[in-house]
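Look at the two complexes coming up: chain A is in both, with chain B in one and chain C in the other.
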Partner chain A sequence: MAFFFAQFLTGLANASSLFLVASGLSLIFGVTRIVNFAHGSFYMLGAFIGITLMQILPGAIGFWGAILLTGLAVGLIGAVVEMLVLRPIYRAPELFQLVATFGVILVIQDLALMTWGAEDRLGPRAPGLRGVWRIFGEPVPKYDIVIIAITPFILFALWYLIARTRAGILVRAATQDREMVGALGVNQAWLFTGVFALGSALAGWGGALQLPKGGADLLMDFNIIGAVFVVVVIGGMGSLPGAFIATVLISVLNVFGVTYLPQSTLVLMFVVMAVVLIIRPYGLLGREEVAGEHGQVGAPDMPIRPYGPVGQALVAALLLVLALLPVFADQFMLILMIDMIVFALFAASLHFILGTGGLVSFGHAAFFGGGAYAAALLVFHTDTPMELAFLFAPLAAGLLALAIGWFCIRLTGVYFAMLTLAFSQLVWSLAYQWRAVTRGDDGLVNIWPSDWLGETASYYYFTLILGVGGILFLRHVIHAPFGYALRAGRDSPRQAEAMGINVKRIQFAAFALAGAMAGLAGGIFVFSKGSVFPTELEIAASFDALIVVFLGGVKTLAGGVVGAGFMTVVEDWLTRLEYWRLLLGLVIIAVVIIAPEGIVGSIRTFWNRIRGSEEEAAK
Partner chain B sequence: MLSVEGIHSYYGKAHILGGLSFEVRRGEVVALLGRNGAGKSTTMKSVMQLVRPRTGSVMFQGEDLVGKPAFRVAQAGIGYVPEDRRIFTDLTVTENLEVGRQPHRDGAPEWSVEQLFDIFPNLAERRGNRGKHMSGGEQQMLTIARTLMGNPLLLLLDEPSEGIAPVIVEEMASTIMRLKAEGLTVMISEQNLHFARAVADRAIIIEGGEKKFDGSFAELEAHPEIRDAYLSV
Partner chain C sequence: MTFTRRMILAAAAALTMAPAAVRAQDTIKIGEINHYKRMAAFAEPYKKGIELALKQINADGGVLGKPLEYIYRDDQGDPAEAVKIAEELMTRDGAVMLTGTILSHVGLALSSFAAEKGYLYLAAEPLADSLVWNSGNPNTFRLRASTWIQAAMLAEEAAKTDAVKYATIAPNYAYGQDAVAAFKENLKRLKPEVEFVAEQWPALFKIDAGAEVQAIERAKPDAIYNVTFGSDLAKFVREGGDRGLFDGRNVYGLLTGEPEYLDPLGDEAPEGWFVTGYPWYGFADGTPEKAFVDAYMAETGETPKIGSLVGYLDVLSVAAAIEKAGSTDTPALIAAFEGLEIPDTPIGPLTYRSLDNQSTMGAYVGTLALQDGKGVMVDWSYKGPDGYMPSDEEITAMRPAD
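Right, the complex of A and B next:
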């Protein structure tokens, strides 16, 4: 019993820091409707700035003063980010905002690397709070007890701010109807900046407060974001009490999980989330989202139509060059091309569900990696012939997409995105923690193709045929009645329903198809590399695909493909630089703000303008 | 006080207002009449810049509002009560009023929470209640009170009589008369001619986003064919 209680206290102590971070994210989302992926970066900044300040300021007063100052500093950084990056794009579709916050992650990562170096830092102990106190005979770290004692005060301060001050009233009103708040004379720009600064400050405090229990490293940003999203989704996005309940639930479960089911700590969290969402799709205390309340992917400005003769000739010429490539290209070039085609197919499958289906999935890597793992597991454990195992990749990924889609399709917009992300994290944590089957981060190795595909050139043709075939197939589906129905469901769901289209079922099928195609790409990938690791399932992998689709252009079919080509080349070139993340992040942010149509979209607009003026001149 | 000149407003590609012009003078109550879908709400949103007119001007006290953000329009002294009310249902009555609070401005009647509770006694009784537990009439009172907290010079009321009980409609009429007596300028949109005639000094009739009539109720009475053509009575 005493042991249980001690465990429970540890859970509560962990909850404190997580709650601070999660409440910040929830607050920001509630008011601005922006899902701030960079939130984990503010947590990380909090940890690093905290350590630095603690080194400067001595003693107990210095320690707690440093924590206080850290929050203020991170809040200030948040305000700057909001003004520079987010202000210009509040009216842009969700995807653009997400991509922009992803750019912020990259920039902060490299700035942190420049400032604090690559080594992990151990957090300083809190002065006067080393060691343990005995509670019912069980040792509990003193710092844990102090945190538990402080938490109610933090909660009270937050509650007071939100419930009792004019600022808090405005924040709650804006969470419900920000346009009306504006029509009543409140300048939302400052309200948004203020909320973003507060949310960032909370993340910074979370990062500083956990220092004596952990430390600071450059992976913290991604490591926390999964848990934070789960908490916010379980609690209901935008609800602080919900975030609190969910944090305690998750943290306590986690502590007991570590003791009794050490293999399942990561998975456990997502299982809880899935259960909650089946019962309450908008989380414990969340509010149902009114459809069309804020921008989706954005209606296409012109209908997608098949290419004219010039376009078709270009595509044919490109295919011809690709087919003849092994004649003049070297080994290295072919491998790069295989990577590019795999990535292009993966991106095209995401583009299909995102651009045509209007469903912004954040967890698409689950299907790419899922397909790769399905094939690799068969080969690794049962020595299945490559041909058969390969077929299994799209099949398993398609089935996985059916399962995940069953949960997710009922939701729309941000909720859909968060849920797909959470499920992909579930798949990732399975691959990472179920070592008996997946070998964890040692990965599955020696997954080579059959002899007839052993040569790089022959595997290149294999990739080319399946990759290009897959992309053309997706293109065909988009121009088939199924694709029209899918687009109708995206642009005006109500009218589509009225026309007799079962929008949800069409979306469900499209989601499964997109998953299967991503799995196909994963299958090609695993046999080209000969191995697969959990990194293929990470959030970062899903984001890479999102960024590629976005850079290429959401509204154009070629977007995913062009983006993938561009990205493969640019990454190959950029990663030779030391601070390539910083550059890439800045490029992404610049594209979001300056050329939101992406590469293909911008070229097309430019082309149309030239042609338009020629036509006018001819008249 | 308010002078709207040739505004064209769109929802996406749908052309809703086709060059609408009208004026509202200080101290008067003007009724904007027209059938469902005539463009009354769009007109009010175009004044508030919740819908941005693509061309034309909205002059208020010598300042062109077109292109300004809605909060600037409110700060310039125009109070807006939307037809779907949009009260903050998670907030209490007092908190709803707090959201609307703006500093006093010259030439406008000044309102305090206590004065508003005096005008709307129902709200006083429910001051601690959340918006979602209120009747339609009470919600309507709350939106008006909330907007008055901004001490506006001009009040835009979008179909205040819609969907509330007849007794409350009468109460609403006397409330509007009282606001006028306090020196507030009011523009209300209405389909209910009877109600409009009871409170307004002048009528503007629109149909298909264009002005069809602008004059006194006596003139309107003299031309029943206008009424029959543009209003469903």
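Right, the complex of A and C next:
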């Protein structure tokens, strides 16, 4: 019994820092609707700034003062980021801002490396709180007890701020209906900046408060972000009490998981999230999202039309150049093009469900990697001929998409996205942990194509035919009746239902098709690289695709393909430089601000404006 | 107007000049692929080790009469990206061979790629046993002592005590699992009565240290085997120290004594742990080990890490192989690497075994102690890999037919 209690306390102590970070994220999402992936970076900044301040300020007062100041400093940084990066793009399409936050992550990573160096820092101990107290005979670190005691005060302070102050009333009102708040004369810009600063400050406090139990290192931004999102989603996005309950739930479950099921550490929280979302689609205390509430900002979509003669001629010319490429390009150019086509097909498959279907998937890499793994497993274990194994890539990925889609498709918006993320994490952990079959992190190696495709040029043509074929096929589907039904379901589910379209079934089919096409890309990928590792299933891989789709332009036809091409080239150039992450981050932020409709969308708008002005001049 | 035009002219001149300047010096190029950003704490000392060795070798006239040059490329820790860069280095940049990587899975991807394309790859830091054994191939050589070797050294020491109940804690991925399996197998062979009462598998860099410590304490082991490193290690040491987990127990720490992991612990370094590591502070004057440390500190102004040594040895290996081959074409280089002997290195003679393409670099083992508020290894010794490897027959059986 004493042991149980001690375990429970450990869970509560872990919950305290996590709750601070998560409540910040939840606040930011609730008011601004920004899925802030840079939140982990603010946590990391909190840890580093905290250490720096604690070294300057002496004694117990210095220690706690440093923590307080850290939050203020990080809050200030958050406000600056919000004003410079996010404020210009609030009117961009739904979730577009997460691309900008991804740029912020990269910038902060390199700036932190420049400022604090590469070496891990051990956090200073809280003065007078080293060692343990015995509770029922079990040792419990003193600092654990202190932060367990602090957490209710933080929760109370947050509750008071939200429930009892005028600022809190505005925040709650904006969470409910931000347009109405704006209509009532509240300055939304400053409200958003304020909330973003408060959320960042909470992340900074979380980073500083965990210092006596850990430290600061350059990987902690990515290492916490998964847990934070899980907590916020389980609690219900935008709900502070929900975030608190979920933090305690996850932290305590984790402690028991470590003791009684030590192998479970990778997946436990994602399993919990999946279960919660399947039972309660909006998290424990979340509320249903009203349709159209945060999508469709700005002017309504123009219907997508097939390209006119000029566009078709341009595409044909591009394909001709690609077909003739091996004649004049060197081998590496072909390799780069293979990478680009694979990535373009992967991005196009995501774009298909995201742009046309309106389903934002955070776990699309599960199908890309799943396809790659399906083919690789067959080759590795049974020496299946490459041609046959290759066919299994889209097939297996499609089946996987059917299975995952069956659970996910009933959800909408961010919750749909997070459930796909949870499932992709399960697939990842399967590849990571089931070593007897997948060899885990050692990956599957020596997966090379048959001899007739062994030459780079022949594999290039193989990639070109299947990749471009896949992309053209997806475009064809978009213009087929199926694609129209899918778009109807995206723009107005109720009217689509009234017309006799089974929206969910159409979306389900589209999800499976997108999965199969991602699997096709994965199949081409694995034979071009000769190996596959769990990295291809990671969250980061899903986000690579998501980012290029947004960068290219969600509401355009060519967005995914153009975005993938742009990103491959830019990355290839920039990674040659010392501070490539800083530059890449700045490039992403610049594109986001200059072209809030994505590259293709903004070019189209620009083109239309020129043409429009010409037409007016002609009149 | 004139200002802009002058700028364009200057830029054009700079552009046309730049290739000429590069071409003026005919160098032998080595493609070095690493995770410079993602694993900055490990890659930076490694790169400095390389640069020190290059400076020394090129001051002595280079190899085959030409300067040796490393082209550094960042793969973001992504195996697919590494493979792409490798292709570019070999086909476009004129590299004669590939080297680098810290993460094992990137090393394995490059190894498979090298075998398929007929390139030569020297894996510098990856520890995975399968790199030269289960997934070994004739095109891949490996410098650093593998997981198995270092775990076997700790198991040998553990077998000397009368502890029978062991707990293990290792990050939940291939390296951690291999490290635990190797320790168990070696210890069971030396001391069959040993039993393992708890196996903890925290997620890499996401350890829940308090819970892990409680779980191990609950199993009441006599001794503990630790494979955690980096930020996980710091948290584990703190929680374990505070809660008295290490009191009266022997702890064996794989890599715990390496400066990369030990230095950040500062005065909280766990005293009494038996570890593998790199005691650069303990070398006697006049030894080649000390000479390297002095040269490194004079050059960089920093204390060396294990990565510094590996980077330095990497260049020595490459240079020796090119000299032995007498040319830079790949088959000759591969032939040169097989059984390559380098008599003078900071750790004494170094050989690349023709049996499995593994170098004979060993590891330093010793006990952790606190001196001047910092963790150091005391009573340390350097051990070569002989006697800590499976038998030649077992290795041959593991390696796919060449």
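The definition used in the following text is that the second predicted complex is superposed on the first by the 572 of 619 C-alpha atoms of A that agree within 3 Å, B and C clash if a C-alpha of one lies under 4 Å from a C-alpha of the other, contacts with A are read in each partner's own complex, and residues count from 1 in each chain.
Basically, contacts are C-beta pairs under 8 Å (C-beta built on N, C-alpha and C of every residue); 3 or more make two chains touch, one makes a residue touch a chain.
Computed from a predicted structure; not experimentally measured.
Asker: After lining up the shared chain so the two structures overlap, which partner does A:I169 touch, if you call chain B first and chain C second: first, second, both or neither?
Answerer: After superposition on chain A, A:I169 lies in contact with chain B alone.
Asker: In the superposed arrangement, does A:L68 touch chain B (first), chain C (second), both or neither?
Answerer: Once the two structures are laid over each other on A, A:L68 reaches no partner at all.
Asker: Output check: A:V186 vs chain B and chain C. Expected answer is one of first, second, both, neither. What do you get?
Answerer: first
Asker: Answer with first, second, both or neither: which of chain B and chain C does A:L314 touch in the superposed model?
Answerer: Touch partners of A:L314: none, neither chain B nor chain C.
Asker: In the superposed arrangement, which partner chain does A:R121 touch: chain B (first), chain C (second), both, or neither?
Answerer: Touch status of A:R121: second partner only.
Asker: Per the contact definition in the header, classify A:L113: touching chain B only (first), chain C only (second), both, or neither.
Answerer: Touch status of A:L113: second partner only.
Asker: Return first, second, both or neither, reflecting whether A:D177 touches chain B, chain C, both chains, or no partner chain.
Answerer: The first partner, chain B, only.
Asker: Looking at chain A, does chain C or chain B touch more of its residues?
Answerer: C
Asker: What residues of chain B sit close enough to touch chain A in their complex?
Answerer: My answer: residues 48, 50, 69-71, 73-75, 80, 82, 86, 88-91, 95-96, 98-102, 146-147, 150.
Asker: Chain A touches which residues of chain C in the complex?
Answerer: 37-38, 40-41, 44, 73-74, 76-81, 83-84, 87-88, 91-92, 104-105, 108-109, 111-113, 115-116, 128, 130, 135, 172-175, 177, 198-203, 205-206, 208-212, 214-215, 218, 230-231, 234-235, 238-239, 242-244, 263-266, 268
Asker: For a test of understanding, state which residues of chain A touch chain B in their complex under the given definition.
Answerer: My answer: residues 166, 169-170, 172-173, 175-177, 179-188.
Asker: Give the list of chain A residues in touch with chain C in this complex.
Answerer: 3, 6-7, 10-11, 13-14, 109-110, 113, 118-122, 130-132, 139, 141, 144, 213-215, 217-220, 223, 227, 254-255, 258-259, 262-263, 265-266, 330-332, 335-336, 339, 432-433, 435, 439-443, 445-446, 448, 525, 529-531, 533-536, 575-576, 580-581
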